[in-house]
Amino acid sequence: MSNYLYILWIPLLPLATFVLLGLFGRKYLSGIAGIIGTASLLTSTILSFVAAKQYFFVDGKVNGVFQKIVALKYTWLEFSPNVSIDLGIIVDPISVMMLVVVTSVSLMVHVFSLGYMKGEERFATYYAFLSLFTFSMLGLILSANIFQVYMFWELVGVSSFLLISYYFNKPSAVAASKKAFIVTRFADLGFLIGILILGFYGGTLDIGLLIERFTSVHSTQFLSITSASFLGASMLTWGLVLVFMGGAGKSAMFPLHIWLPDAMEGPTPVSALIHAATMVVAGVYLVARMFPVFSMDESALNIVTYVGAASALFAAVIACTQTDIKRVLAYSTMSQIGYMMFALGISKNGGENGLGYMASMFHLFTHAFFKSLLFLGAGSVIHMVHSNEMKDMGGLRKLMPITHIAFLIACLAIAGIPPFAGFFSKEEILTAAFHENKIVYGIALFTAALTSFYMFRLYFNIFWSKEAPVAAHGHDDNGHESHGEGPWVMKLPLLILAACAVGVGFIPFSQFVTSDGAALETHVDVVFSIAPVVLSVLAILLATSFYKNQNGKSDKVAAAFGGFYTAAYKKFYVDEVYIFITKKIIFPFIGQPIAWADKNIVDGFMQLLAKTTSKISELIKGLQSGKVQNYAMYFFGGVAVLSILFIHIWK
Amino acid sequence: MNLTLLILLPLLTAVLILLAKGLQQIRVIGLIGALAQLGLAGWLLKRFLDQRAAGNTAAHLFESNQTWFKALNINYHIGIDGISLAMILLTSVIVIAGILVSWSMDKLSKEYFFLLVLLSMGAYGFFISLDLFTLFFFLEVAVIPKFLLIGIWGSGDKTKSAMKLALMLMGGSALVMVGLFGIYYNTHTFDMVQITQQGIPVGVQKFFFPFAFLGFGVFAALFPFHTWVPDGHASAPTAASMFLAGISMKLGGYGCLRIAALMPDAAHTYSWIIILLATIAIIYGAFATMMQTDLKYINAYSSISHCGFVILGIGMLNKTSLNGAVIQMVSHGLMTALFFAAIGMIYSRTHTRMVAQLGGLLKAMPFISTVFVIAGLCSLGLPGFSGFVAEMTVFMGSWQNPEGAYRIATILSGASIVVTAVYILRATGRAIMGPISNEHALLSDATWNEKLAAVLLITGILIIGLAPFLINHLIIPSTDAIVLQMGKVNLLK
Amino acid sequence: MTYNIFIQLRQELVLTVLIFVLLFIKLGKDRSNESILNFINVALLINLAAGFCCQETGELFNGMFTTNALIVFEKDLLNLAILIISMQSYAWLKENKNVIEFYLLTLTSLLGMFFMISSGNLLMFYLGLEMSTIPLAAAANFDLTKRKSSEAAMKLILSSAFSSAILLLGISFLYGTSGTLTFSILTAHINGNPLQMFAFILLISGFAFKISAVPFHLWTADVYEGAPVAVTSFLSVISKGAVLFTLVNLLYKVFTPIASTWYLVLIVLAAATILIGNLFAIRQDNFKRFLAFSSIAQVGFILIGISGSSQIGSASLVYFILIYIFSNLAAFGVVSVVSALTGKENISDFKGFYKTNPMLSWVLTIALFSLAGVPPTAGFFGKLFLMMAGAAKGNYALITFAALNMVISFYYYLRVVKAVFMDENATPIDKLQVPNVSKMAMYICVAGIIVTGFASVVYDYIYSISIGL
Amino acid sequence: MQEIPLSQILFVSTALFFIGMYGLFTRRNLITMLMSIELMLNSVNINFVAFNKYLFPDNLDGLFFTLFIITIAAAEAAVAIAIIINLYRSHHSIDVEDATEMKY
């Protein structure tokens, strides 16, 4: 098969940009940093489209099955023979698909930022970090070695950290970035140990080999890892669950989701890129990447399923109550990723049963577009009103028509209204769920309804409800104009993404991306799709009646829900639990005792030695009485003692 | 290639410094000397690799062996393998950085630079010696300069810290001495190569291993003998802190490694204790760090935690873990030196090291803050920096021991990376980010010499972090040799 | 063969001649102190040189006086020491009107030590011992006007008289049990019956008193403090060294049959001596007193070395004494200059000393490090070899104990360094004009400290001439 | 007349020795202390003479030793008394308890 090595340039170009801007950007290139970043990313995007074309339409398929192609493999760090971190490039349907998604969304964000971040002091730094992120994300996608995944996993994490804390003199932003990094780090610990387990029993870190060894039931590796067990679960389960833990951390699955809403402290384009479209789906991607192995272990898959489903529902409920528009979007993201997760969980490997897998990937694909669209839309709204709060908004549809339209399209897409993109992907997921697991199907259905409800709550609160506020006009403290919707560079991405949100649904996805690479025939069953669509429409109507123009209804309903509402509004107190554990348990009961013990016990012991020595010397100083007669007596005493001692010993 | 140059060169530099007049001359001489050291080390590396490429598989290259005290069968026996070479390179880099950061040391500058150079001489001698006597000799040579550096140029409760450090280190070397005597009287030689060949009776090993290992452990900040570390580092002047954490603590680790190689049976017998202590040190150090409020204390305690990885790697006694230990030594040396350099730069401007009193430095001094953040990221094991490579190798190696207890130790040590993230980010978040106070807003950024030092160290960190195969290529043959000779090679199934 | 006697007795003869010359100078018209001192220093140099001129092994006066390469070398060491001391006390003696008496006393005492070292017979040994002790007592009182000086002299003379009584009792019992006083014959009669053991212990106690081993050490600190610095350094280096040489000679040659016993005696003494010496040294403020206790601790280490009872042991002892001469005298040299020029003798007075007198501070520091046994100074080698010799017996409990005590000793040496370099002081000792002669002496010491360790030839030579059990 | 057995003479000398020691320990007058030391030395002399006469009559080592002890004792006493006189000059007393300036 032909050479895919040029794919190497797709990640390397952003890396180069990062180095360039990181070293010289601040001093010399601050003016043209944006152009440089965008240009290089444009190149990568084109390259990735080329790659996609070549793979999907030219030579990816060998007798009807898409192949896994390892385009590059370089031994980077060898632990011991055949256990090593290899930097590699793997080309298969999902990686190519992700290439397209990441590059294009990232490109949109780059363009959008040209307008959004204009006049920032650390403009160049911003683009440097953005490129760093893109590089890491691409590297993650292309990884052929599970440890390579881990490495880029960490890099993605740190670039997210850097971008969230971009407004570094804002304490809340710093806190949020810390939270994001530490929570994901905690999850990564699980990932790491998972890797260690799989690597130990698999005897390799190469994903392809791992899959090969763990999927063949008779291989020694498979037998050893399944026979070994800890706390009643087989080592395979442990390994997979721990790996999934890493994924759950990045993808903000319950209960590791707490960092995502706070992460909205970062610049909005960043949220659009990292916390909506790309990084947060890394978890899904990871599970998909390891899916054949997951499919060998029922219990691991179940965990994936239920964590996913739970997160989907949980997030959706919270999203209905939040008033910060970015937080609403954040929770909706979490909920959608929950969708993808449980879709994977209920799927099987290969053939018809692989529907869930395909659906999940499809939803990932579509979601990337409409969610980033939503964020960018929100971005331009915020850019105009300089606030995240719903109460500061309303009736903006006249002031920013383009944004309005784009946002509406995105909402319809996510609500799963045909013929918008979300409809198709969601449909597949629901079908898969319906066949595999009725409970999950129920949850999914309900969540779908909730989704449409809160999305339109959001929509109406921003664009309708009251008349155009005057406050929004005039100059903000940065001093740049906020009339209208900002420059064309901010509108263009909206339009493009809107087009995608409408269009991408029609891509015959199942032809390309499936669990086993073979094409999969899917049929949109009209009868089946009635239920979800109707539900969504009803939910939208409900939202309309509540929020289209201000009337007390919503508050009444909220009051009706009472405690449940406040609980949801307070995000079900998960943050409080974490804060309790860290601030009230770890610090006072582990940290401080240890710090204290080090000062007083360990070091105190050394001090004690010194003190005792000097004390003793103080005590015995009387020996040297200064009286020559005593000296003589001690002398004689010495003689006596020695003689007794040694004449005795001699005996 | 005569390795003795590595000792003579610093000696010459020291003498010239004594003859020099005025700060300018002194520091220039010091810098030239340090550069010469680096050049020498680099040349050594080239020669070493050439020889290996030429198929010279001798355990130690550039050996030379002269009788010193004939009556006692004490020889001046020197030679290097990959591990010692790595250490030598580390030392030479840190020496330059140290001299650069103390460029404007005007208090008793002559003595200051003299002692710095002397310290480096001790380190070189230690790393090249193949005879336990010379090893011990150079181990102690390094103690006195530390005492004086901390006591004279230090800050805070400097004399107490200096005294504590000197006494604890002397205690350590006293234990080492007893161990060495034990070896000597049961093998009738101090020559490590000979001892390795003829082996030591198991009973003897079991009796004397604790002495020697704990003795070196004190230098390597092994729990519970680590208490000299925080105070010593905190009180020391910047360059001295860099030397202490970057070089001196490595003497301990290196010594432990050699001792374990000399007494494999005992090492296996006691490995569980070593691992226990190491794990405690890692976790305990990490949590203790979390509670610190002084930047230098933060780094000092984190050094305890990181050096725990070295001991852990040694205790696990397999090829990968030993590699990890060595890489961790180098990596931690560079990283902690960088950290101390950054802290020193911050302190020299703000005159405080209290995290609470700092903030938003990124605005006033972007370069220094960036250096600080890089050091932090390296310390929390971010891929691309040396810390990641080292820690992952140690984990990989440790995980190869299938015993449950060792697994748990590995997992616990692994857990420390989360705690590390916590304290690094707390320090960074408070000191580097956040709003800046008015009097700090006007402070100046790094000067050329500080920049040079930082860049040098960062380069080292990146070389290891981005191309670990280079250092592996250097050290793996040596660790292989050690492991083979220890008669226990663990590979993944 | 008649002139043989002159060669074998050459060191003693030179010394004797010198003493008489000094007597005549004293009788003659008085000269300026400078000229006398210069003359004496030159004479002492010659005296030192005399030792190296020609080797001759043999014995005189039918076994009363023996000599061999080792003994000659030991005497050379003592000569070297007296030379250095006299150079260092230049500043002090220049003003003193009884210069010659000082030298008469010290040189006589030195002569006595020579005879003691060479003695082949208990009577000879006793004579040498007393001949070395009594003048020292007088010399201790050399500062006639100082209260402390006379108190010190009193303590020294009384306790040393007492100790020599004990010693004599031991000798008398030895004589009673063996019937001979000659070492060579005595060995055959040593069978270790209780009385003989008792006699031996009395004898050892006498030695222990001279080398100030615990619990026979108590006079040391007071005498060191009270006596003039020059005398103190003489006591601490020369008399101690001489007695130790004799002790080794006796133990390794004469008391071989009861080696197992005296090994135990030695380690008990050693342990006690190290510990007590250290514990007392920690607290001292008076510099001479401090050095007294530190030297007691040193003796403990020496005893460990001797207890090794091997050729390494005795060689290491001589080697250590050589190094000890350099280190201790360097320290005393600084102290004597300071006390002669300012009258200050307390460690606390040395605070901030480095600011005003860097040269002296470095000399002092190097000396102290050498005493503490820190590389690269020679003290490291000396101490290490002593410990090695001790470890040969496989008594690692003792070695560990001693090693840990080294840490304590390290503490008090560093205390002084701390005072000199680190402590702040409003009124430090002001810049001192050190006489060139004393300077030279210090340089000799420092050179010795730095060179002796690395120059393994020295050790190897000593080893080649020294005796094993 | 039958001669006195060695044991009795040794008994006398030992008694003398310890009497001297007792005197040294208890007397506070320096001169007296000096005298008690002389007692001890004399007891040693008796030892030597007795051993020489009873056990090894054929050579005279013991006697010679005694002579030397006596001589040296004299010298010692001379120096000691000189020192004591000087002590008296400075302390105006020859009480040993008064000369305890240096201690600890």
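Worth a mention:
Order of writing sets the labels: A, B, C and D. Residues in every chain begin at 1.
We adopt the following convention: a residue touches a chain if its C-beta (ideal position, glycine included) is under 8 Å from a C-beta of that chain, and two chains touch if they have at least 3 such contacts.
Source: prediction; values computed, not measured.
More inter-chain C-beta contacts link the pair A-B than the other of A-C and A-B. Of all chains displayed, B has the C-alpha centre closest to the centre of the whole protein C-alpha set. A separation of 66 Å divides the Cα centre of subunit B from that of subunit D.
Each chain gets a centre from the mean of its Cα atoms; for subunit A and subunit C, those two points are 78 Å apart.
Subunit A and subunit B have centres, each the mean of its CA atoms, that are 37 Å apart. Subunit B and subunit C have centres, each the mean of its CA atoms, that are 43 Å apart.
Chain contacts: subunit D has residues 24, 33, 96, 99-104 touching two or more partner chains.
Touching two or more other chains at once are residues 154-155, 158, 162, 221-222, 283, 411 of subunit C. Shown for subunit B are the residues in touch with two or more other chains, namely 167. A complete list of chain pairs in contact reads A-B, A-C, A-D, B-C, C-D.
Chain contact summary for the complex, subunit B toward subunit A: residues 164, 167-168, 223-224, 226-227, 230, 284, 287-288, 290-292, 319-320, 323, 360, 362-363, 366, 377, 380, 382-384, 388-389, 392-393, 395-397, 399-400, 410-411, 414-415, 417-418, 421-422, 425-426, 429, 432-436, 468-469, 472, 476, 491-493.
Subunit D contributes residues 21, 24-26, 28, 33, 96-97, 99-104 to its touches with subunit A in the complex. Note for the complex: subunit C touches subunit B at residues 312, 315, 369, 374-376, 380, 384-385, 387-388, 391-392, 394, 396, 399-400, 403-404, 406-407, 410-411, 414, 417-418, 421-423, 456, 459-460, 463-464. Within the complex formed with subunit B, the residues of subunit A that make contact are 26, 75-83, 85, 147, 150-152, 154-155, 158, 161, 165, 168-169, 171, 174-175, 177-178, 181-182, 185-186, 189, 192-193, 196, 199-201, 203, 224, 587, 590-592, 594-595, 598, 602-603, 605-606, 610. Touching subunit C in their complex are the following residues of subunit B: 68-72, 74, 137-138, 140-141, 143-144, 147-148, 151-152, 158-159, 162-163, 166-167, 170-171, 174-175, 177-178, 181-182, 184-185, 211.
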